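Two complexes come next, and they have one chain in common, chain A, joined by chain B in the first and chain C in the second.
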Partner chain A sequence: MLKSLIIVGLIMGSIYGLIGLGYSVIYRASGIMNLAQGELITLSAFLGYTFFGVCGLPYGVALILTVVIMFVLGVMIQKGLVSRYQKRGVTGVYMLLITFGLSRVINGGEALIFGSNAKRFPSIFNVSTVNIMGAHLQPERIMCLFLALISMLLVHLFMTRTKTGIGMQACAMHSKAAEACGIDVVKSNGLTWGLASVVAAMCGMMLGPIYGVTLMLGANLSQMGFASSVAGGMGNIYGAMVGGIIIGLIESLVGGYVNSTWKSMIAYLILFLILAVRPTGLFNEQAVRDV
Partner chain B sequence: MKGNMTVKKLNRIILLVLGVIAVILPLLITNSYRLYFFSFVGIYVVAASGLDILFGYAGMISFGHIAYYAIGAYVTTLLTSYAGLPVMASILIAAAVAAAAGALVALPCSKLKFQFLALASIAFANFIYQLICNIEFLQPYRGMKVEPLSIFGVNLNSDYRYTYYFILVWVVIALLAKHMIVKSKIGRAFMACRDNTRSADGMGINVRKYKVMAFAISTFYVGFAGACAAHLNELVVCNTYVQANSFNYVIMCIFGGVNTIFGPVIGAVVFQFINEALASATAWRDIIFGGIVMLFIAFLPGGCMSALRGLEEKLAARFSLGKKEAASKGGKKDD
Partner chain C sequence: MALLEVHDLHYYYGNIHALKGISFHVDAGEMVTLIGSNGAGKTTTLQTLSGLTEPKGIRGEIIFDGKNITGWKGHKITAAGMAQVLEGRCIFPKLTVVQNLQMGAFLIKDKASVEKKIQDEIFRLFPRLEERKTSLGGSLSGGEQQMLAIGRAMLSNPKLLLLDEPSMGLAPLVVQEIFEAIKKIRDEGVTVMFVEQNSKIALNTADRGYVLQTGEIVMEDTCQNLLANEDVKKAYLGG
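Take a look at the complex of A and B:
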């Protein structure tokens, strides 16, 4: 019982961590909390469903296509929307509201294009369940764990080992100084949103097969992702993973031992308490502003 | 100076006209569903004004005001059904409970940066929603019957005209109270905290205290609105209180214009009309509301009120110009 709960918790945690990673990447680079991240996840799930379920492309091809489209979309959002608002001097809470407005528009657009009925993402593997140490799991969930870990590793390597990634980190620390060092800040900001959208695309492609593709997919799960990135310390990429795993484990243990309908309530309560008691999360010192 | 005077006069005229329209509305409309709808608009006006105190004046954001709306609704339901309190008293008590909850939330959360405050409020609203859904006693999905709105034992819901006037009176009281709060020392302290917490602190304003106070006042309004809505609907169902609904109040404030008395009123009225008109086309509703938020922040950050004010000033300038000509013709100079 405990073992299987821990495995389930780890899997969910890794997904939450990956969702949270999307938030953290953008927050770190531009100080913006992107409320539209959840809708980007939904959108990629719909795209993945269209490519894989409707067009019948192989899963890998569908994944790559979705990732590419979402990358372009992310860059477009930054160039066409966010940077324009920034030029107008929109900051702070209004920027948050812009991303909220964007999320509503994307959600409405999805409903218009794909319809509001739930879609069943066809299963990727032929086997229905896999038994790992007493836990019966969908193979998609195990794939999730691996894809999430690989994505995190890739983001980590990209941010620390490549010149572009290091440039992005520099922009996040101090954009003017980065510009003075010869880093193309405009390009780097665009890339950040592109990267976050790619992360969202990965999430969407993984969550679609598990939960089915609905309009509420991203909205529901992204709040857990949000919670994990806050728990780990917003803006800290590794914090998001740790926070995600903590939240996933708590959720799964509460669901297993206490009551499964309570699990999201407890998760929200914990998020609220973290913000109330230790808003900096585990690895971040930026959340507190005032006296 | 003179232009200002005329603007004030114009304001008064507009206010008078709107007031008269609001008062005679039930005589024009006999359809009881429409009156019920307009009563609901009034309730949303109160709630949006409440959020505006927090968002426009005190500079804090909350994406979770639906939680206090829910608290108001359920507290008054329990008080009237089980404790047998009169409806009006229990509505006020429910609002006070909501305010207390708001203050409790604000105590740790008012120190957060806006994004984190927004997140904390989302978390709190989701928590309250899940809590309601998980308490069997409240019959969350089937809904719980609530006593109809009544004063001194007279059932107002029997004729929605009475309900409408009841809500209208409370809307006026709420707006007057908001006006008084905003113009008082407390309101100035809120604005000082909004503009710069550090300098407010330096001027001897207890920032924490006023932030908590802003939260409490704001949630009192929302709790009151929630309690009234419960008695108006005569039913409380948990689906009304999903966290996403708290964004409605934010949209109303942005649309009408924050930091004004009548902005949230315009916002609430227009929002409810769009909402009603597009009730069956939810996708378009989402797009329109999202678009409103994005466009208004870009082009009209002061909301409809700032546009109206600009229009008024133009009108006033024309009026006063006409007057000046008349005055110069008469050869007399007035101040």
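Take a look at the complex of A and C:
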């Protein structure tokens, strides 16, 4: 029992970590807390369902199409909405409200286009469960674990090892100095939102097959992703991964040994504890700016 | 030949008329200073040259290296060969010293040449930076941050290096060190223009100077003549 709870916890944790990574990327590279991140996940799940479940395209093709569309959408959100308000001096809670408003607009759009009924994302694999060390798991969940870990690793390497990624961080730390270094700050910020949307696309394509596609999919799960990124230290990319895995394990163990209705509550109580000991998250990340 | 020519430059922050039609030039190989007290418009001048102010507030003409760059975006102007050390240094606090320097070379494709320049030029000019190369920018002292900001600007291989109050907030000995480095940079063939409130060190370092007063250039001459000028002595050199 313990072994299988740990495996389930790791899988959920890696998903939470990946969701949290979407928040962290934007926060790290622009100091903005993007409350629309969850809704981008829902939208991706609807897109993936449409390409895979309705059009019958192979899962890999549906994944690539969704990733590309979400990248373009992310860039458009930054160029068309966020940067326009930034230019007018909108920051902090005012920007928070804009991202929240955006999440409601996207949610309304989804309801209009896809309707409010839950959609069943067809199985990707033709076996229904696999047995790993005594845990019977949907193969989709195992795929999630791998895709989440690979995505996190790639994003981490991109943000910390490539010139473009470090440049994205530089833009957040001092946009004028970044421009003076020769970085096209407008383009770089667009890229940041594109990347965070790609992370959302990966999440949507993983979560759809596990939970089914509903209008509430992203809203429910993104809370835990948000908690993960905060627990790890907002903006810290390892932090989101570690925070996610801690929360995933706590949830799974509490659900298995105590009571599954308490699992979120206990996960949050432990989050309180983490913040009491380390007020800026496990990786001690100073907030970039006031949210 | 003039590397930089500025004709009748105005800058408006909305209704605030910060630059009121200034004209000046910087010849290739020269070291020119623009002195003026707080609020005179020094930062506005430099940031407008570098494309870091809103273009809609600009009137007039900026010709750099034969090109009319008025209203260009900042990164394009950097690519054209003008780099700036910003007021207050503005290093990237959560990047390491080496990463900060690498950001200065953002537009340079040849990675090996960047590493070589950091090692052979920047670390030779500022050995302190080599000692601290893995530290985060935000953990450096003020003087070290100024060195880092200068090194970062130099990594774009500029033809013209602009510096905004390099002495600001630094101890006299550190100011000396920074100005020695600026002279070495000029001796390597880079054209330099800097603005200063510290008129004494500015006029003792540069070849030519302009005096900026509430958005207007009120005097221009060689630094030697400016140092000897009674008005300059009274207003800027403490009698």
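Convention: the second predicted complex is superposed on the first by the 272 of 291 C-alpha atoms of A that agree within 3 Å, B and C clash if a C-alpha of one lies under 4 Å from a C-alpha of the other, contacts with A are read in each partner's own complex, and residues count from 1 in each chain.
By our rule, a contact is a pair of C-beta atoms (placed from the backbone, for glycine too) under 8 Å apart; a residue touches a chain by one contact, two chains touch by 3 or more.
Quantities reported herein were computed from a predicted structural model and do not represent experimental measurements.
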**Request:** Applying the touch criterion given at the start, work out whether A:V185 contacts chain B, chain C, both or neither, answering first, second, both or neither.
**Result:** second
**Request:** Examine A:I124 and indicate which partner it touches, taking first as chain B and second as chain C; both and neither are also allowed.
**Result:** neither
**Message:** Quick check for you: in the superposed arrangement, does A:A276 touch first (chain B), second (chain C), both or neither?
**Reply:** first
**Asked** When the two structures are overlaid on chain A, which partner does A:L57 contact: first (chain B), second (chain C), both, or neither?
**Response** neither
**Asked** Where does A:S264 make contact in the superposed view: on chain B (first), on chain C (second), on both, or on neither?
**Response** first
**In the superposition, chain B vs chain C on chain A residues touched** = B
**Message:** One more residue to check, A:A170. First (chain B), second (chain C), both or neither?
**Reply:** second
**Complete:** Seen from chain A, its contact residues with chain B in the complex are 27, 33, 81, 84-85, 88, 90, 92-94, 96-98, 100-109, 111-112, 116, 219, 223, 226-227, 230, 234, 259, 261-262, 264-265, 268-269, 271-272, 275-277, 279, 286-291
**Request:** Sort out for me which residues of chain B touch chain A in the complex.
**Result:** 61, 108-116, 118-120, 122-124, 126-127, 130-131, 133-134, 197, 201, 207-208, 211, 244, 247, 250, 254, 282-294, 297-298, 301
**Fill in**
chain C partner, complex, touching residues on chain A are 163, 166-167, 169-170, 173-174, 176-185
**Message:** So in the complex, the part of chain C that touches chain A is made up of which residues?
**Reply:** 47, 50-52, 73-75, 78-79, 83-84, 86, 90-95, 99, 102-104, 106-107, 152-153, 156
